[in-house]
Structure formats: C-alpha cells, structure tokens
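Would you mind keeping the following structure in view while I ask a few things?
Note that the chains are named A, B, C, D and E in the order they appear, and that numbering of residues resets to 1 at the start of each chain.
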C-alpha cells in the first residue's frame, strides 16, 4: 500500500469524516499504478443504463459481460471501478478485494421523459457488495434538482455514517440552461462548487468550455484569459474549496487517443485529480484500451 | 431434486446473492419436468387483473377458480406458478410445497388512466404465502419509469435480504416510444438490460421484432441480419450480462399452437431460458393445454 | 354461536388467513338471525359523510344519534354494523360485544373536487374499538385507483396481521367509464374480481345492470342472456374466485320495499352472500325498518 | 374543581376515550368561571398568523406580547387559551397550570396561494408545553380537504393515545362552494358532522346563515323556518351526533358588543356549548375586553 | 465567558426551551467582542450556493477556501459563523471550539426553476459538526411556503430536542407579492412574526423599506411616520413577540461602508439584536473587512 505524504495531505482535508470514510478514500488513492500520487483514473460503466447495451457494447462484444470491466480496470492498474447495482452484483464476489468499487446509486436512460434519475441502489447495497463509495448524479439547472439534492443528502449522510465515501457526478442540464451552457466554465465551476457544498468527497464534472453562460457572472470572469483548458481546470479546482476536495473530469464521447491524452495533461497541469473514463476505454479493443490507459497513467505520473 | 451441473453453473452467476435466494432460484430451476435442464416454463395468471375476469376466463369457465391454475401448473410439470395476491392466497395452503410460486406484486388494469401499476403485494406477503420469488412489472419509456424503478429497488432489496428471488417483467410502453417501438429489437434488448442492471434474477421480456426504434442505435445493429427470431433472442440474452442472468420470453395473446411451438424452438435455439405462458394455456381446455405444455417441455428438452 | 357446516365451508376458503382473521369472519357469519346460514345483512351508516347529515337523517330524526344505528342493527338481528371512526367511537363502549362492527376507514363527501377518498381511520382504531373488520372503498376507473389500491394493500396487510377481516367496497367511477358503465355487468364483475385479487375477505359491489361497457369484453358476454338479475349476480359471484370469496350487494338509494325484497331474492338465487343496506333502513321509521329487515332475513333464510 | 353532573354527563359521551383524554376534556370544562356548567369560552389567538401582526395587534399594542393573551384569558376566567407554537412557547412556563391551553397545530396566512394550511406544531409539542388539546383547521370543499383529513386523522390518533383532546376548526372554503355557501346552514351542519365523524372531541364552526347551498339538500330543509339563529345552532348541535359532541361557535370579525351578546344568547338557547372569541376581545382595550367577557360569562350562566 | 444580566434577560424569554438549547443561545450571545451585550454580528457564507463561486469569491480569491471565513469570523471577534454542510465540514475540526457555528440546512441556487430550497443538511449533521444552531430559509408568499414551514417545524423540533437553537431566515418572495412588496414594511414584519410563531429562537429578516404592500394592512400603518429606518426596525422587533425573540438584519448586496454603518446604527437604535453580514465582509480584502467589522462592533457597543 502506497500511503504517501501526498495521500496524507489529501486525507487531512476531509477533517470531519470518520476513520472508516477516510480509509475508503485512502483505498482509492492508494490502489493501482497511480496509488500514492494523489491522482486517479476511475473506470465507470453505466452506459448500458444511459444509452442501452448495443450502443455501448456492440463495438466490442466482450464488454457485454460485466466481468470484462472488472478485469480491465484491474489489469490496467486503475484506482477504482464504478457501475450500477446489477453489474457490480454480477462480479462482486469473483473480484472481491482486487479493486475498490463505487456503486452508482442512481441512473437515467435514453427513453426518460424527464431530466431526472431513478435511485437504483442503496448504501446497504454498497456495503454488502464491499464497495468503497457510492456515486450519485445531480443535474443542476433541472426542475428536479432540489429533490435530487435531498436524495443525495440522505444517502450521503448514511454513507458517511457507514464509513463509505461519496462521489457526486454534477452535470448541469435543463431548466434555463442553454445547450452550450451545460459545458460553460461558470456553470461547470458552479456545479462543482455545489457538489462540494453538498458534502461530496470526490467531485466529477465534465471538462468545461470557455463559454460563460450567466450574464451576472460575466464580470467575475472578465480580465482573465480562459482559452487554455488547464486554466479552466484550475478554476474548477479552486471552486472545489480551493483544492480541499478531490475533483476528477470525464472526457465525454469516444474520441481519438491524442485528444484523450491532451485532456489528461490539462487536468494534471491544472491541478485536477484525474480522469473518469468510460466509453474511451471499453469501446476500444482490450489491447488498445490497455495501451491507452498505460499512457494515461504515465501522463498523470508526469512521465510524459 | 435435479441439482445438475447446468443448474450449478447458472447459480454460480448469482455470485452476490445469499444462500436463501440461491436456494429459491434453484427451487424453480430444479422443479417439474424441465428440472435440471436450465430451461423453465412458468404459468402466469394475472390477466384477471389486466383484462378482467370475463375476457380471461369465460372461454374456459373452470379457470375462474384459482385452484384450477395451481393444478394445471402442477399437472403439466411446470417450473413455477405466478399470480397476484388474492389468487395465491386462495390456494397457498392447499398446494403448499407442490410447486414454486411467484407473487406478482404490482398490477395494472384495463381502466387505468396512466401507464403505471399499483403495488398490490409485498415481500412479507410472499414470505407468508411460501413463495420463491416476487414478480414486478416496469414500463421503460413511460413517464412513471423512475418511480417504478425505485419501487422495485426497494422491494428487490427486501426480497434479497429475505432469501427470495426477483423476477422483473420489463415491458417498454408509453413516452416517446412508437407502438412498433414497444416490440423493437433495440428497445427490447435495452429493457432486458435495464432489468439486469436493476438486479433482477430472472428477466421476462416479450419476443422482439426486427424493427429498430432508436435512431442513435441504428448503427449498432447495421451489418447484421436480424430476420431470424433465434438471433434476436440471442441478442437479448447477450444484453442480460452475456447470459449471466436468466431470461424468459412471453408469447403474448392466445394464438395457434404451431406459432407457440416455433417461438419455443427459437427461444431454445437463441439461448433463452424458457417461456412464461399464460393465455395460451388457460384459454384452452385443460386437456388441450396439457397436451400443448407437454410438447413445449419436449421442445425445451430438445426432444423435438 | 351457530358454527354450522355452511360457515365451516366458507372459512375453509380463506386458507391463507390466520386464526384471528378467520375468527372475525366467523363472528360476522355466526351472528344475528342469519348466523350460520352463510348469508349476511350488514348495516352501513356512512351517508352522513357521503351526503351530509340533513340529507341522511332529517327524514328520521332519531338517526342523528349514533346509538340509534347500533340499536337498530342489534334489534333487527343483523350480522354487523359498519360506520366511520367518530360514529363508532360514540357507541363502541355502550354496545361492546353486542354486534360485530366494521370500521369504514376511508370516506368521501359531496363537496369533493376529485374522485377519491380520505383515509379517516386505521387498523389501530379498529382494534381499540373492538371491530371485527375494516372497510375500504376503491374507485376502479378513477385517476386515483392505483393509489387507493396501495392504501388498501397496506391497511389490509396490517389488518390481516392483527387478525381482522377486510371488506372492500368496489365502486367503478370516473376516468374512461361512462355513467352507465359504472353499473355495467362487465365493469361490476371486473371490480369485484379486482377486490378479490387485492385480498379482500368480503367484497361489496352494486347490483349490476345488463349493460356491457367495454368493447373488448363484448365477445365474452355474447351468447348468454343477462336479463335476469339473479344471473348477473351469479356472474359476479363467479368473478369472485368462483365463490371462494364472500360477496354482498348494496341496493343504492332508498326505494320501495318490494324492490328491496326482489333484490334480496335475486342475490340469494344468484348465490350472493347477502345485502349491505343503509338508506333503505334508517331513512324509514324504526318500526318500518325492523319490519323490512325481518322480511329480508326470512328471504335469505329461504322462508319466502 | 367543579366536577358537576353536567360535566359528568358530557364526559360519558366520550365513551371510547382513555382516562387521560377524558381528564383533559374535563380540565377545560371545569376551569374558569363557566367551570362545571357545560359551557365554555375559549380565547384563540392565531390572527397574527392568519392576518399578520399589525392588522391583529396595532389597534391594541400590548397584544403584541404573547403574555398579554395568557393573562387576559386567565383574568377573564375563560376555559382555555389556544395559540400556535411560538406564541405558546413564549408563555408556557410563566403561566403553567394557570389555564388549560390548546396548541393550534396548523396555520395559514394572508399570502397563501392555495386553500390549505401548514402543519406547524405536533402532539409532542403539545405534550412538552403542557397543553390539554390540539387544534386543527380543515377546509371542507377545498381541493386539499382529503389531505387535511388525513393529517388530522394521524395527529388525532396520536393525541388520543397521549391523553390529549382534539379540537377541529371546520371551515368550509373553496372548490364548488360559493362565497355565501361558506356560511350556509347545510354546509355548516355538514362541516360540523364531518368533524364529528373524524373523531373530534370539540368542534368549532362559524355561526351559519339561513342560506341553503346544496340543491340536493334543499328538500331536507324545506318545511322548517330557519330564520332564528338559535334554531340554526340547534341543527348544528343535532348534526354533532345529536349533542354527543361539544360544539363551540366563532363570531368572526370584530363587531359591536350587542351583536356579540346576541350571538352568545343564540348559541346558549340553541344548545351550543359556547364561544371561541378572538378579535372581539384582544382588539379592544383590556378593560373593555374584560367587561365584555364578564357579560358573556353571565349570559352563558343564564344570568342575563 | 460574559454571562451578563442582558444575556440572562434574553434567555429568560426562551422559557419553554431545554437547558441545552438555552446554553447554545447563550454560547452565541456570550461569544466574541459583543459577548454579553445582547447584540450579535454573524458571518453567513452561503453565497457560493446562492450565486456561485466566481460571483462570490473571485473579487477576493482567498475566500474560495472555507478556512478563510472561519478565520475571518474568529479574528473579527464575531458571535457566530453560518454556512452550508460542505463548507462547515471542511473546517469543523480545525476550528472546533473557536467560534459558535450555525449549519445552514437548506439552500437554493441561481439556476433554480422554482421559488424553493433543497434541504441539504440535518440536525444530525449539526450535532456531529459541533454546531450551536441550524439555519433555515422560508419564502413567505411563495407557492411552496406551507411545505417549507412543515420542513422547518420538523427540523426545529428535532433541533430543540437535541439542545440546538433554530435560526429562521424569513424572506418574502413570489406568489402574490410585488417586487417592492418583498421589502415592504408590513410584509417584513409579517414574515418576522411568522418565524416567531414557527418557534424560531433567532429571526433573520431584511431591513424593510417604508412601502406598505397589503391593502388590508394600510389602515394599521396609517397615522404613523415610517420614514426613519430605526422606527421600521422597532416595528419588526415588536412583531417578534414584542422583543421576546432575537431578531437580526441582513444588509443585502455589497455596498459602501457608510451605508453599512448607518444600517447598524438604525438596527441598534430600533432595538434590533444585530447584523448578519456576508458579502459586505468577504467581498472586501481581509484587512478592509476586519476594519469594517471592528467599527460595526463599536457601533453595536454604542461607542460610536
């Protein structure tokens, strides 16, 4: 176990948490090839819920099997694997103790008629499956945001009491937000800040564009140059209690490997804590995915 | 009891379940004439709720009596009998121990003004009636799907803790779905996958057509020939964690026996785990139903 | 106590119930002048809630007093008395042990702006008031039917656990139903069947007309002659698990005594289990009501 | 303590209540200058909630202080004092044991956008503040009436179990009711009857006009002369289980003292149990209020 | 500790509270440079939730760090620090015991599509973080006010039982209120009064204008001159049970220091209990903020 000063410094920021929760944050931070660096790569596989099985897995058929993802995350030396209830249940015993897992406790799908998610897992599920954390999505801006916040407040309190960590996926959507606004810098930083205020231990947001959505916020961004992605990452980190909370970034839809590597360098250079990367891994062949993840690990280690 | 290697292999896929739940899955898989084969035929009788008593039973009046269905399922050597609360209560003692039962815990009806169901039974009911599983319908695509998912999450968690199995009827309906879309291949596979992610032990879907409903999913289905029903069944099985979850198919409205037999052969050849067949049995005379079920058993046994 | 073979045969149909619930069903079936016959007359007084006090009682002013109804039911030798919370509380001690009582646990009123009822009593209330059963109204067809079903599921489960019986008033109303449809034969039989599936011990429906409401159900009723009320009663009885559940009929608004007697004969001849008769009793003078009830008892005894 | 035969006779009507609740009803009936007469005057001060502080108290500034009202009720020798949570909390200790109190557990306000109230106090609050009863408003006729009924059912059951009494303010409003209808005789009697059926120990309604609102109820009121207010009171008393439940009347907005005295005489002559009188007291100077209350006491004692 | 007669007199007004809650009110009143005076200055930092991080903190970047605010409140000698869950969690251990804290348990945000707040913290959170009170916002006038009242009733009851104090932010908004009405004198006094009736220990309102919003309230304000802010403060204090409840005032958006000082003098002269002042502190440099707070302290001490 790589319990380094970097990890110790991060844990010290979680000053109100009990030893159980700190231990689970530490488990994620000390596991895998990035263990001890303060950086993380997490494999999330909830696309089957969000987009359906064929759109997610037909391009790489072995990925229909939940065991495939466990094994990929383990073999790539990642920090953690995140998935919905059924997918974790299907491998929780086989892979018990081999990699920290995060139970994604709410989910949406392509046929949803409202901007919302169903709560499909619980803290008790996370405990019986040996998970280190629960993961929960909020949609700031949506009509249902207050109810989503109340759901995660309740589940997060329960998780903290049980010694688990809480990861919040904070994805602005709906309501008064324009389509561009969903990825705007001000909106993304605000979304990250709200997740921090809600008590998240790890915050997951999308890499923001340099669009500013809210008129009242324009003034606060004027006079600075936001064209560099690393600077935008740095602003998000600042918005997460000036770096007192871990923040990881998702890369979105599958894209070329060069773009993936550049994102990782920007996250690293802006002080972000890592990547949460799904479709860009399991929608490639296993060999290609392992090669790409190897290079991402080296980027986060500062080796390239 | 026919606890065969085939059954053992299936149970091994339920690796996160407690011995109680595994035992109840085993009870269904080892009971009746298909016991031990890994195939199942289940008799479901909830049409009185869904369509009313006269439309369901007038064509075969003895079927007004709940005992009729218990006896039919027993005499045909089926794996299990599924029905709503009142119907099971009316025979639970008389037939205790003679066939595994599934309590259908939610129900709709012909006069419903929303695409939803009422929860009409509980896990406690299932336990006091000696059932092996609860059955729950979700309507992916409907406005109420998130709430339905939250209901089954709660009931399923309770069932698992009590050592019962969970069967999910996943029937796409409403919302953005076209009428054709309800039976589309992509939609059906997605519906089955969602049931798996929700933690179902046994998934019940309709036999899908070769229509593809979702534009974004077209690409994933191009380049394959989906005209053979067995291939469509195989895709649904693949969508259920690559076969790690049991999936059974319903045949829909009463139809000719030849069509019923062909469906069964396609399910068998596509790797499906069996049939759940209601109106096609009890809307025939008892003798005709027994003859038909006998042939279905032989088809699943590969004897014809 | 008249614990006859007829009563024993009826109780045997409640094969999943605990001895406490069976005893309470037996209390109703063995009490009064029809005790032991398998037939029942129940006095329900919830019209004060449904229509207001003046419309209910001004024609017979002593009926403003809740004691009046207890005494009427006792003196007429009826099987049970049913009323809402406040009305039972006002006499529960005075008449304790003199007649089985049914707590009507939900109620509507003339000023309601939705087709629904408020839950105004509980199983705990029924227990502390010494009742033998709870009574609950559902409105099949209404927008709120799923919620009503979920309310009675919960209360009925609680009642069964506490050794009480459940009576369901199943009154089709609202939604897609036409006004004629509320009394249609197919709708009434369906409503009775749903009450049975919900686990009711005693089902209360209105006497159906020979109108068939649902197009899809027409075929099932063709070829039979439904002009005789006794035949329609028989179909409702058949729809209640082929007679495995007790079903009683209400007569509606106050009318001439001859019509009341004819209804009773039809119920008896069609195999129904009796009458639940309110306004036709307490909206007459006490002497007239007692005379009428005496004759109804004799009709159910087959004495005229 | 003035535990007279009149009080004993009233308590006997509460035959299903436990000794704790009976004792609290008795506390109210035996306290103050009307103690033992079976008549009551209650001071309610919730106008600050309903109309705001300035409209309620600016005309008599000492009334801004919650202690003022406690002291006024005590000095006038009234039976009880009723107020919302904060107002009782502000004096509960100072005046403990000096006068029975009623915690008004729900409240509306002038800015409300729906015809409803918020539940702002609980039975536990009533117990820790030493109250004898809870008070709850329902709005028969409003869209929210079913939910309000379910709230008071739950709170009333809790109160009864804890030995407290329940007072229901039954104020018809909204829905299909015309403005005149809110004070109509049929509507008021119906509202009082519903409160009785809900299990109220003390019913509070407004003095009804001789308007009849409901077409279907016209017939029941024809042939009687309803022009005398005492007769209308008598009909309301009759509608409260023929006098088995205590019913008190409110006088509405501040008005001349002669009108207040006449109301009291009509209530007394019609068999009502007293007045609940707020604005007509605290919106006068303390001396005027005491003089007026002194005369009301003498009216209820039959001394003038 | 400065437990002065002034503090004792204030505590005596909370006569229904348990010693734990009194002790926590005393902690706030006796802490800091105003300790013992009966006056308070509270630092609230929930603007990150309400307006986003950049709009709140970019003008003074160190304020992105939650520790900054704890330290500012401590160094300025304030009475208490109030913030949402995540922000308190980030410093609760480092600053434990150095200043009383208030957990702001509900929050809104700039992207909200309804006039409401999410409950984002609990009494249990407040206890585990060592807070002295919970803070809750209500929006009198909004469509959701009844539900907000029911939320704070429940949380406040829980807080009182656990020995914590309750602070209610009462901010009229929405519904029938005009924009001017949100700050109107009648509306503000009414809002403060409702908070008092809801059982708040400390009431926070905005400084009211001399606009009168409600037609029915005009009469009550006629004949007095409301042009002096101190007089308007005095009316609000009067509306808080004639001074039996602590009331503090917020200053709104950042503005010139002279205006801030004048507000404080008016609050002091009108008998208010102090200021709750956020943006006007942390949106200045730390030195400027400390200088301004020093002067505010001296104003409340009557030293200038």
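Just so we're on the same page, a residue touches a chain if its C-beta (ideal position, glycine included) is under 8 Å from a C-beta of that chain, and two chains touch if they have at least 3 such contacts.
Here the structure is a predicted model, which is why all the values come from computation and not from measurement.
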{"item": "Both-way neighbours, i.e. chains that touch chain E and touch chain C", "value": "D"}
{"item": "Partner chains that chain B and chain C have in common", "value": "none"}
{"item": "Copies chain B and chain D - rotation angle from C-alpha fit, nearest 5 degrees", "value": "145"}
{"item": "Copy pair chain C, chain D: interface residue numbering same or different (half cut)", "value": "different"}
{"item": "Distance between the centres, which are taken as Cα means, of chain E and chain A, whole angstrom", "value": "36"}
{"item": "For chain A paired with chain C, centre-to-centre distance based on mean C-alpha positions, whole Å", "value": "58"}
{"item": "Residues of chain D engaged with two or more neighbouring chains", "value": "none"}
{"item": "Topology of the chain contact graph, where touching chains are joined (line, ring, star, complete, other)", "value": "ring"}
{"item": "In the complex with chain D, residue positions of chain C that touch it", "value": "48-49, 51-55, 58-59, 61, 64-66, 84-94, 107, 109-114, 116-122, 124-125, 128-129"}
{"item": "Footprint of chain B on chain C - complex, ascending", "value": "13-17, 140-143, 145-147, 149-150, 153, 157, 172, 175-177, 186-187, 189-190, 193-194, 196-200, 214, 216-217, 219-221, 235, 238-239, 241-242, 244-245"}
